[in-house]
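Each of the next two complexes has chain A plus one more chain, namely chain B in the first and chain C in the second.
Let's look at the complex of A and B:
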């Protein structure tokens, strides 16, 4: 009797019930460990001033997660965050938008035209090899401390990843496919629309992801070194007044924005590359 | 009487950068009748694919005269369509959108395109696969899409550049049967480039053997086997005799 039961359980019960639970655990394992790590870190940080007595001087430079959360909540509740956030966001969006609008067609043109490539390549290479910070004094001199200086800084940072990746993708276009559409009477615009740009899309999306990072960096740099308002300005001012919690609050908002943008690009990429074998699943 | 497609003294030399010039076609003459199925066999690199590209209007010859229905070829046109060797399907387009490519470039409206593509998709046996992407199809299915795409614009001349070379032997046999059926229905003038003598004889009214580079027409073999043709025909003495004759003509041109 016992023996029979044992065999039964061996074949049926535990295996069947274990398999899905095992799968669920596998799927959640990294999430649980990832979230767990953050929770442990925050707990230790929060407990630190209660375990160790900090000197008055050290306290000036110290804050706790709960304090940061409180400050962040207050900033949203009173609405004091909206002005700097909107200033930073418009600088980011305008600069990145202009970089896409300029970089994408320019990348396609340079990739398709050997003449344009020969003409512009020295400028692009030189410009791209120069650290963007070098241009900051000039930009501030010419455009002042307002929105447009920020837009230019963001633009310069975001343009090259988009331009260069688009160019690489365009150069990689399948010559047979270009001949195919040509044989059906396609002109140069049709070739770009039907073959060259779709073919370059994975490169362009990778460039966009890089460009977003550069654009956020551009906002931060512009606001740290010469702007009238924005999240970065708020952080610098808060640091000057030893409001460490406020500095962290700004940092969290910046990190949050970057994460949202990266997720948006991921969604865009999944939509644009539905046709690719590795995305379709199955095999 | 001039041919439906007529070529006289067509010369073409490629001048790749950093390398010596390559003469692809030398005083190439050709005459093709309307509704005819003509195959071209020749050694690798003899210029037979190049000639198709010249006929398609993608490559301009250096000199010579090339006409279809008395009109010189100046560029791609809707009277001709090509079925490409590696299928040439746009991987980011569905079966339906690939079939409709030529119609779209002609500026045809969506509804009108559907009316043309739907019967073609049914004819090639891919009904139900309209929304599939090329990577989800087998090789044979892909080339059937390539064939439907070429037929969609209703060209007079169908150019086929080793269309079945990338398929396995069994699929190739089935595709040959299917091609003959389509050709007998639609009565296109077909120019078919291949490496396989069997395939050329089985499909064609005439088989042209080309010389090694620079390519010229060497011999033209009329294939007087009755139509419709079936698979058993490949085992008849007539078929094998033709095969031997063509092989004898071709083998002198092949250098290993």
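Let's look at the complex of A and C:
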């Protein structure tokens, strides 16, 4: 494992051959360069207005990392962030939850039935390829500016990664295992419960990870164009008033939300797939 | 189509999936049309396939639709092509020089993870509602698939093959034409497929926000006017374009890189 990894990273430099002696440096190299890149970026950004004098117009649009951090801290300290954040988070959670509830069974169903798959395929292809944003004016017309419009936008965005990945996972289920379970008298429900879904779990988790990114995007756009409250609304208002630091603070909160959710899915995946190595060891 | 189907044995089974798909689409539209025989029809809330078709024809005949599409296509082409050029170049450098990759990777992942659409209001305020603002939004949204895929493509170049070409006396040109490009290109095209979708989001975001023409603006305006038949016609039009672009690229992938089918 470690060996293939080393070969992989080495591909890049035909002229560079890493000295095998200093293993520690080699292992830390990527971390050091990565952290260094971010530090340099932040430092240049911070220093820019001090080195170059910006025109008054540009200054209006310019902000520094320290200012963003300050704003973010203020928002948490005064508690002004909690109301919009909770509005956005509830839209996010409801939409994502509904997408899981609808996408999982549907994915298993079309994975198990070729006929159903062939019939639904045009719709899935079309809706997956189309930017969901296109339905936003329609959704606003139907559901108004409240929570449900947001939930629907998030739902449409998150549904397809879950649906498609579940389908892929189900299709890749081990035929032998299915036949074995069948021979022991299992019905379709048992097959799904015992073989198909556990086998599809890595795919489903990967789909869930994609879905989280799309769900966050859904919350942002839904709040930009048709909502009364939420973090996205706060950001649009801030942009209109040239509070650029507030826009970036909102961006960071959204990115944080998606990172935390992705990490949670990772934990979930580790818990759900605990049995995998054990089974491999047992056989 | 149907008279061809009869004489050929096995036509139905060969094209079973396509036929089932077409059938389902037909059923869907028929059911949509038929449901208003039983449910009262409110044109301010929903439309019917026949009305949408009429609206589509009238928009096509009057040239409004083509005009809006042409307006939207300009920033899309600018933003998408510049994202392709910059993204591929950056991705190749990041893949080829490990240290550049180490340095830029976390930054790129950071940008990719944050919903960049959120910067749209800022970009619009700064660059205005014209072509430049939209171009930048489209560029920002569609560059990352190119970067990540070009980088992955470079990593996937088989080093053994490079050495083989070198030892057999291949020139640098052979190296690029026979090994590097064939192995990187499929990744870039796959990236382009993802980037097209994101670029279309950019078009719509830019035009929903602030625009006076373009297909996204048309959808928003018809929505505001409760002209649902025209709105559905425009939505349908975007759906067709999106499917045509992504499936077109997928088809091109299958034709141009048959060895990658199934991946």
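Everything below uses one rule, namely that the second predicted complex is superposed on the first by the 241 of 283 C-alpha atoms of A that agree within 3 Å, B and C clash if a C-alpha of one lies under 4 Å from a C-alpha of the other, contacts with A are read in each partner's own complex, and residues count from 1 in each chain.
One rule holds for everything that comes next: a contact is a pair of C-beta atoms (placed from the backbone, for glycine too) under 8 Å apart; a residue touches a chain by one contact, two chains touch by 3 or more.
Computed from a predicted model, the values in this text were never measured in an experiment.
J.: Go through the superposed model and pick first if A:41 touches only chain B, second if only chain C, both, or neither.
T.: second
J.: Between chain B (first) and chain C (second), which, if any, makes contact with A:267: first, second, both or neither?
T.: So A:267 meets neither chain B nor chain C here.
J.: Quick one: classify A:255 as touching chain B (first), chain C (second), both or neither.
T.: The answer is second: A:255 touches chain C but not chain B.
J.: Once the structures are superposed on A, label A:122 by its partner contacts, choosing first (chain B), second (chain C), both or neither.
T.: second
J.: Could you say whether A:179 touches chain B, chain C, both of them, or neither, answering first, second, both or neither?
T.: The first partner, chain B, only.
J.: Between chain B (first) and chain C (second), which does A:51 come into contact with in this model arrangement: first, second, both, or neither?
T.: A:51 sits against neither chain B nor chain C.
J.: Output check: A:77 vs chain B and chain C. Expected answer is one of first, second, both, neither. What do you get?
T.: neither
J.: Counting residues of chain A in contact, which comes out ahead: chain B or chain C?
T.: Higher number of touched chain A residues: C.
J.: What part of chain C is in contact with chain A in the complex they form?
T.: 16-18, 20-25, 28, 45, 95-99, 101-107, 110, 113-115, 117-122, 125-126, 154-155, 157, 159, 162, 197, 200-201, 204-205, 208-209, 216, 219-220, 222-224, 226, 228, 231-232, 235, 238-239, 242-243, 245-247
J.: Taking the touch rule as given, give the residues of chain A at its contact with chain B in the complex, in rising order.
T.: 176-177, 179-186, 190, 194-195, 198-199, 201, 274-277, 280
J.: Across the complex, what residues on chain B touch chain A?
T.: 53, 56-58, 76-78, 80-82, 84, 86, 88, 90-93, 101-102, 105-106, 133, 135-136, 153
J.: Write out the stretch or stretches of chain A touching chain C in their complex.
T.: Touch list, chain A to chain C: 7-14, 16, 29-30, 32-38, 41, 61, 114-115, 117-123, 125-127, 129-131, 133-138, 140-142, 213, 216-217, 220-221, 224-225, 232, 235-236, 239-240, 242, 244, 247, 250-252, 254-255, 258-259, 262.
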